[in-house]
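Alright, structures below, take your time with them.
There are two complexes below, and they share chain A, which is joined by chain B in the first and by chain C in the second.
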Partner chain A sequence: MSARTLRAEGLSVETWRETRRGPGREAVPLVREASLDLVTGEVLALVGASGSGKSLACAALLGVLPPGTRQGGGRILLDGIEADPAALRGRAVATVLQAPRTAFNPLRTLADHAAETLAVADLRGAAARAATAEAFAAVGLGDDSRIPGLYPFQMSGGMLQRAMIALALMSAAPFLVADEPTTDLDLVAQKRILDLLAGLVRARGLGLLIVTHDLGVVARLADRMAVMEAGRIVEAGPAARLFAAPAAPATRALLAAHRALHGEPA
Partner chain B sequence: MTALLAARGLGHSYPGPGARRPVLAGIELALGEGECVALIGRSGSGKSTLARLLLGLEPAEAGEVLFRGTPLSRLDRAGWRAFRAAIQMVLQDPLSAVNPRHAVGRIVAEPLRHLTGLSVPARQARVEEVLATVGLDPAVALRLPGQLSGGQVQRVGLARALATRPALVVLDEAVSNLDAPRQVEILDQLAALRRRHGTAFLLVTHDVRLARRFADRIVVLGDGRIVDASPCRPVLSLTHPAARELLDAVLPAEPAEAR
Partner chain C sequence: MRPAVPASPPVVLAGLLAAVFLLLALLGPMLAPHDPLAVDLAHRFAPASLPHPLGTDHLGRDILSRLVAGARTTLGAVLAVLTLVVALGLAVGGLAGMLGGRIDTALMRLCDVFLTVPTFVLALFMIGALGTGLANVVAAIALSHWAWYARIVRGLVLELKTRDYVLAARIAGAPRRAIFSEHILPGVVPPLAALATLDIGHMALHVAGLSFLGLGVQPPTPEWGVMINDARAFFWTRPLLVVWPGLAIALAVLAFNRLGDALRDRLDPALTAERGL
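The block that comes next holds the complex of A and B.
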């Protein structure tokens, strides 16, 4: 049976610095008691200005905090049962990152990457080839039989991002975390990737958490949104409601800038 | 009237497997004094190459770039100095465009040292002035780039470009990676600069929203050629498929239920 809900509860992340007076260290909070609820078949957007703690909250959810930070609290619940993030990664939760070029081994072809991903699920040989073809077709890379043989440097940023989504699909995880998946792409490639993600959420009932600083991405894709400021989630709810009636000053500021760029009255 | 900067029949290619791969062909473009033009196109359309040729960072294979009527190929040493002081640029990745070991004050003063005859105190005063212009506290002059946020380092790059009081600043995706509040803030500061000093801008971007908000006219590059162009006001009118593709890719302003 596939999971239905993934809840990150009260996540806190901190770093530390030497205290000004005397020996010892003091904690510096970076994410403060952030809770996120993912439901299959729904898109949740995590938004906020640069440096608000969006990516760190995601990293805590995935159990991949960078060096120099540590988790101060919180837990992950899969269908209400506490789970170890490391055990969920690649099984219940797949990830797509911002810079696709750095996420691939430059010396391996796309087919090598796919084989490695599928070996984790004990899929090899003909079954693996079939799963690879299916996933590549789902992301629009199935038309050209030469594609699996390509190295990352032979592919555009948009193709690599599609390939990364294909690898995520191969894990058959019900939840997908995408941290700024289209920030490095031009707007045309961005639109195609967002259309692809929206289609996959519909067709496969994926639960998608998308991290973005672009409210246009939220408007295109999200059912619900959560707004972060200074490490805290200051507002959360249906995207349409937050666009129509933002309560938190951070949400209002993001919306005002977003609408100014669209040439609408703020 | 002689254009500030003009491209005449500009063409260029890069080495590829086998033959050279053409990236630009037949480019005709003139930027007037104080004019603000947006150059838009998809990744790989040749935008950055055109910007590099216009800045004289590499010589064009075909055609020529004219600075106030003089081909760059005919500039002498003093001519290049005047060209470099008049035409400045800001790049997309701010951290890679500054020396991480130099304090901000030294970074911003660098073009003044090489391109102007200003005395040390005059340079220092000018650095303080341009830092204030881009909304940075003069105290950041003593800090290193690594101690600042990405948005702040991008402003340092902008302050450096403005230091010599250039006639034109080329912004190659210089605001694309910032979040929306920072984008609006910087574009508003640049618009204020234009009004005060008559600085011209060439904004290179794939984001039609930024182009439309900031520029007087938009020039569209597709597969290395200028395929469409239009003033932004009263109405932007672009019809070429490459331009429509960029316009259609603009994400909705509001969620479907709220529209």
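The block that comes next holds the complex of A and C.
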């Protein structure tokens, strides 16, 4: 699949609670009319404080909303054509989750996980082994042939995150969603993973959506950024412009917080 | 790569005993010294002797041979019951847990109906509807127990569904069938195996109990419950006739219970921690 653009249009996610008076339920909006544009070869950063709806917007994009929430509206367009998120998962969009330790089944080896991902693309046998080796090599896990046979508990967090990126590459999806991919890692591993992602975007022309609250990550990687606050995208545009001339109060607050913590202009 | 935990002596003993019972059930007819159905009225109520180590019953049949042959009947019926119960429980609980929503609600209310009535009463009712006989007893016991298994399977599935690696598999585009067999089932099977092992004794009591009441296995087929029923009339004069099959049932229940306990401790550490062991 060689799609060029992936657009989430007007995504709304809501939960519900009992109305205070009388029977019935009322909707509580969590994500309001969020739109995101992914283009292959570009990095879009979705930033915002905790609880601003970043992860839910991603879940809605992938069609995997957690129980207790439902989609209130919006649609997904692949190259301008409306698509079912379930049909995109693992084919047009691959995903890297935040916590590598829990994202692997402890009873399954890396090779098992790879086989599962490749089965979605109908790759089996020798072709699957070749694709596995290629993807592991691309993330720097290719120099030891024992790695695919390892169980998750036999690997470090950084290795697992690399392995998860390798799984995402195996799907050969043109778009990659990375939800806080470095949050659980130490600084050295963070830098390696970010370098790896940046390199993959360049080398393979991936369209990367990276969710983060770390503006340092945005500054390193992103071409464009979108800022979320209270479920809304309050500002979006080229990352350089938003860093130089933030318009929305939420953007300014994030930048101020980052400068206060790191003591240098981000 | 589980660290080897040494089994305690009672567990080893229970395991050996259970193995003996299973061996008897498998090889029964080959090991029995006599034909368990051979009537020999000249030697009725014979005391223990070399040809008849446990004596003979009111028809002169060799008691040891009947006990050995009975192991196959009783444990075979238990195996059939457990297979049915586990299959039904996995199917219903798996569907309810995986699909959720209205299907889940409907299946669980159905379970509630079966859970409301005490199992033995429900089994008696089923036999009343289906008629007596070993196959009907197996069906009745399975139908009165599957709801417990379905409930437990559903709970395990719901819990496993919240794991990140299940989300990761969904996001990777894996179909629901593959997620169930790859990520859910491996977490459901060990506790279910422990539960089934624990229930061997319980089910054996049901089979023997229903046969004792004359609803299950019919005489002259050797079965422990039937043997106790046969011996009932001579209880005051020949109490040993009741004791032998009773001892077989008690030992089998004890052995499989202890084994199931150990299996649960091994396979379900969370449960062990909960009980403060």
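By definition in this document, the second predicted complex is superposed on the first by the 263 of 266 C-alpha atoms of A that agree within 3 Å, B and C clash if a C-alpha of one lies under 4 Å from a C-alpha of the other, contacts with A are read in each partner's own complex, and residues count from 1 in each chain.
In the analysis below, a contact is a pair of C-beta atoms (placed from the backbone, for glycine too) under 8 Å apart; a residue touches a chain by one contact, two chains touch by 3 or more.
What you see is a predicted model; the values in this text were computed from it and never measured.
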item: Side-by-side fit of chain B and chain C on chain A, or clash; value: fit
item: Touched chain A residues, chain B compared with chain C; value: B
item: Partner chain in contact with A:Ala247 - chain B first, chain C second, else both or neither; value: neither
item: Spatial angle chain C-chain A-chain B, Cα centroids [nearest 10 degrees]; value: 80
item: Partner chain(s) touched by A:Ala137 [first = chain B, second = chain C, both, neither]; value: neither
item: Partner chain(s) touched by A:Ala127 [first = chain B, second = chain C, both, neither]; value: neither
item: Touched partner set for A:Val64, first chain B, second chain C, both or neither; value: second
item: Contacts of A:Ser171 with chain B and chain C, given as first, second, both or neither; value: second
item: Partner chain(s) touched by A:Thr102 [first = chain B, second = chain C, both, neither]; value: second
item: Contacts of A:Val28 with chain B and chain C, given as first, second, both or neither; value: neither
item: Minimum Cα separation, chain C to chain B, after superposition on A (Å); value: 11
item: Residue numbers on chain A that touch chain B, as the complex places them; value: 49-51, 156-157, 183, 185-191, 194, 213-220, 222, 239-240, 243-244, 253-254, 256-264
item: Residue ranges of chain A in contact with chain C within the complex; value: 62, 64, 89-91, 94-95, 97, 99, 102-108, 112, 116-117, 119-120, 151, 164, 167, 171
item: Interfacial residue positions of chain C with respect to chain A in the complex; value: 1, 163-165, 167-174, 178, 182-183, 186-187
item: In the complex with chain A, residue positions of chain B that touch it; value: 42-44, 149-151, 177-184, 206-210, 212-213, 245-246, 248-258
